[in-house]
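Would you mind keeping the following structure in view while I ask a few things?
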Amino acid sequence: MSAVRLGTNQYGKAENRVFRVYRDTDRHEVRDLNVTSQLWGDFETAHTKGTNETIVATDTQKNTIFAKSKEVGISSPEAFLLALADHFTSEFSWVTGGKWQAEEYGWARINDHDHSFYRSAPEVRTAALTRDGDVDHLFSGFHGLTVLKTTASGFTGYPRDKYTTLPETEDRILATDIATRWRYNTTSLDFEATYKRVKEIIMETFTNHYSYALQQTLYIMGEEVINQVPEIDEIRFSCPNKHHFTYDLERFGLENPNEVFIAADRPYGLIEATIVREDAQEAPTAWAGIAEFC
Amino acid sequence: MSAVRLGTNQYGKAENRVFRVYRDTDRHEVRDLNVTSQLWGDFETAHTKGTNETIVATDTQKNTIFAKSKEVGISSPEAFLLALADHFTSEFSWVTGGKWQAEEYGWARINDHDHSFYRSAPEVRTAALTRDGDVDHLFSGFHGLTVLKTTASGFTGYPRDKYTTLPETEDRILATDIATRWRYNTTSLDFEATYKRVKEIIMETFTNHYSYALQQTLYIMGEEVINQVPEIDEIRFSCPNKHHFTYDLERFGLENPNEVFIAADRPYGLIEATIVREDAQEAPTAWAGIAEFC
Amino acid sequence: MSAVRLGTNQYGKAENRVFRVYRDTDRHEVRDLNVTSQLWGDFETAHTKGTNETIVATDTQKNTIFAKSKEVGISSPEAFLLALADHFTSEFSWVTGGKWQAEEYGWARINDHDHSFYRSAPEVRTAALTRDGDVDHLFSGFHGLTVLKTTASGFTGYPRDKYTTLPETEDRILATDIATRWRYNTTSLDFEATYKRVKEIIMETFTNHYSYALQQTLYIMGEEVINQVPEIDEIRFSCPNKHHFTYDLERFGLENPNEVFIAADRPYGLIEATIVREDAQEAPTAWAGIAEFC
Amino acid sequence: MSAVRLGTNQYGKAENRVFRVYRDTDRHEVRDLNVTSQLWGDFETAHTKGTNETIVATDTQKNTIFAKSKEVGISSPEAFLLALADHFTSEFSWVTGGKWQAEEYGWARINDHDHSFYRSAPEVRTAALTRDGDVDHLFSGFHGLTVLKTTASGFTGYPRDKYTTLPETEDRILATDIATRWRYNTTSLDFEATYKRVKEIIMETFTNHYSYALQQTLYIMGEEVINQVPEIDEIRFSCPNKHHFTYDLERFGLENPNEVFIAADRPYGLIEATIVREDAQEAPTAWAGIAEFC
């Protein structure tokens, strides 16, 4: 007889590429999303007995996503995920929650044209919602925003052991791809304005200090976000230190005062941190499966 | 005054591509790893004050990985990660733990040649270790193993609502890329033999049943692993349902009795499940940042 | 005895990631290139006899690329490739030519900051130069510029056979990733201004017409470029027709007047065309190995 | 008035993912292809006037590919491409030729099971056919076969200039991803057996010599293929030199006699060569758009 049981599980339809056009006037608007729906609930017998009476087909989840993009529209990725959660948890009694995620790709008008666009945003915007019974956790974020400072960055004062060969430096390139998620303490806010504001704070803060290490830079970016946006309780960063090494030109009789660099691929530093509102709880389990680290 | 604090954090050097050759005899052996080291401990002031006196440089972590591949060698990815954890937690008093991960790429000899190899393994082998003070969690796994059944798979009996259009079928292609991780209840076992055995069980089980849904297939694969390998307490799968749709040839006067399929990219089903030893605890937080789902 | 001979060949160092900072004043400038150098000439004996007396090491080519980025600087990718060609063909008598290619990634200032940047350009800029003795062919281009029209595009009037099922439409989404290269009839021009101008012409032209097919759209984009830029004799496009299919919502009692689309991955249309100045020669062999089609 | 004309052009449907099952007996067989069809012919007015009367819709090309996979079957990628070419050039009088390409992914049975498979082949098999009126060029090949020698490879005797810093070595790792294409002098041969044989020759030859440079290794692999397979007139290789650098462990008091390497990503050497049957013509234009270099 088997001595096993079903543990944590979820399933759904991933990467539904929803392209939504608003064309009520000649000036069209577009939203371009990649939506993943996964359900939580009682799916025990499908796993253990092969009976599917509680398995809302992933094909049904796909149809629902596209239908809802017409029925409720897409005012923001976050609002759309909330609508999906409401639908699935009310339509099927045994579905007690789930995880819904979206990526959004940003388009801009070509020369302010009414219906011609180009994919302009360097970053991918993200949204994620988990619902477990009565408890929602709602996240926004982005990834793929590559930023770089050509100076005002150093790395000194670190411990040395027998494997340490890195020389200290007070002037280096600091480059990273910012991946970040933040957790809201409410589901009722202006998601569009907040997204824009957080991105601005992060980019502005990146410029305005001497960086003693990427750790410190992440911290003060997060600190600014928490301080300025009361609806956010936690923010996480997962950022590679994209090394730019000065190329040794002395061998060829040339000076290289931080002018010529080779951009390296691997290995890279990987710096990850959470910045939390002082009086808020961290919600580490809420991040699992959503953010890049525990 | 700031109302924020540092929460969960970790940092290190990612994707160190270690290629290790054993050449003590003319018949060389190779191990090809991609190793990531991240440390846990007291790094508070580096974040909040920009002082780096506890920041073991990621460059030092890189050097250490390569040095240890000579000093202790690589008998298995798992043993190598344990050696790295022992080093970092003993060398630096404020480093109380960390997360170490490895991918391994499998090579085979060309025509049984002594020193010529080709990259043969379809799957990427993985290992992961977290250490938090006295508590270790050790995982092995793989991803990228694509399997497919041309029959003996169906999907029926699922609930229907107004968004459900999928017809039931008792004969379809079932295809997936198997990504799996399992958690050991010990760190003392034959990692090489165990890895080989688990992979065999999974592949064998995939073939030997009629699949009522991918959920059921994952469950019985996990059940077999837990039943046969006492050192494993939990196994997780994150598997896409890679849809192969029968192409409508009737429009051209042709029959298509499940002979011609179009392989779709997106969206895809995404089925994720944990199978647990009956008398073991699930360790959900241990999986965070390692496995594909919470 | 062997009845074979060496045919066409070339070799070099690929994907040298040169990051060049100009920091003569507090307002820094950056150029971020990915440079590939391949040499043509007499490398016969290296292939047939294993003697390397004419093989300029790929490592030497790498060093040269980085040294030249200091010695001559990077005023444009095109000018930099010309400098590399001049160097290699004059330094080594048996090197009679070669192919040099560059990608450039576009950065913009964050809030007009002096030394903080983000990677802003949606497209990757490209340059390529072939030199064969006295004959140079110089190309510029870009790829990865994704554009889309939500209306003013149709597809009608095409021939129908027994495999044709596509309904005609006078209103669809037209979306593509523009990949283009153009060939100059001179090596003496303002590469920066010309690149900017060609990109503007292509984007502007994309917006200003009803598209009867992607073929027609490519043609008139090319026509405008040739007409407005006398230094360009030929321009090529290789553009996927990125299908956006209207999702069938009638099944759920919903209308879908081109509002909800599913963006498909594969298959995709692939439309490729050359537009040539009337009195110029096409140089099809010059494109080989550089452009996406013959 | 416009002073431009249409030059070289082609269009079609790319990356049709055809999965074909043969299930006439309980022991099923599968073929898994990615097929691209592009047509050549008189498409002038579609480009210049927006009239599509000669544009065989890319959707029609897609339907045809799937229909033909039933009607004629897939005995080999090459035979399938020939059938497609025959169809399109006979069905539409103005279609005078085209380019058809296929990738094939190799599956093997799990434990010799009748209908359960895993994707086993490390390499992607390729086929390509161009037809221009009466002239066919037919190619087979593969890419993604990664091979490595831990010894029996060196690099010495190369010229040195002021940018040369590479030390000579008589013992290094030689690693590459083999990408190759060969051109047949006939379209009537056993494609399955020939593919298998060429791959064997290439892998066997890789093992059986001391390599003075990757150039020499490519040459003798090609030489063996041409010598042993009379139906092949030309073979091309495009192979990165995947550098494995010995990690400097002396800094830590450790010896490293070619045991510990760091596998580098970029830059990499890129070695490309054609080996031709002595009495055959090279067909350089035939390769354009198919092979990796001119």
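Order of writing sets the chain letters: A, B, C and D. Residues in each chain are counted from 1.
Note that contacts are C-beta pairs under 8 Å (C-beta built on N, C-alpha and C of every residue); 3 or more make two chains touch, one makes a residue touch a chain.
Keep in mind it's a predicted model, so treat the numbers as computed, not measured.
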Handout entry: Shortest path length from chain A to chain C (each step joins two touching chains)
Key = 1
Fill in the blank from the handout: Computed over C-alpha atoms, the centroid farthest from that of chain A is that of chain D
Fill in the blank from the handout: In whole angstrom, the CA-centroid distance of chain C from chain D equals 22
Completion exercise
Cα centroid separation, chain A vs chain D, in Å, comes to 38
Completion exercise
Rounded to the nearest Å, the gap between Cα centres of chain B and chain D is 31
Exercise for the section: Send over the residues of chain B in touch with two or more other chains. Expected result: 16-17, 63, 67, 163, 165, 251-252, 265-266
Practice task
Using the contact definition from the top, classify how the chains connect: line, ring, star, complete or other.
Solution key: complete
Exercise for the section: In the complex, go through chain D and note every residue touching chain C. Expected result: 2-17, 36, 38, 43, 46-60, 62-64, 67, 91-92, 99, 155-161, 163-166, 211-213, 215-216, 218-219, 222-223, 226-227, 234, 236, 240-241, 266-279, 282, 284-285, 287-289, 292-294
Fill in the blank from the handout: Within the complex, chain A is touched by chain D residues 162-163, 165, 251-253, 265-266
Handout entry: For the chain C and chain A complex, residues of the former touching the latter
Key = 16-23, 28, 30, 32, 63, 66-67, 69-71, 107, 110-111, 113, 115-120, 122, 145-152, 173, 203-204, 206-207, 244, 247, 249, 251-252, 254-265
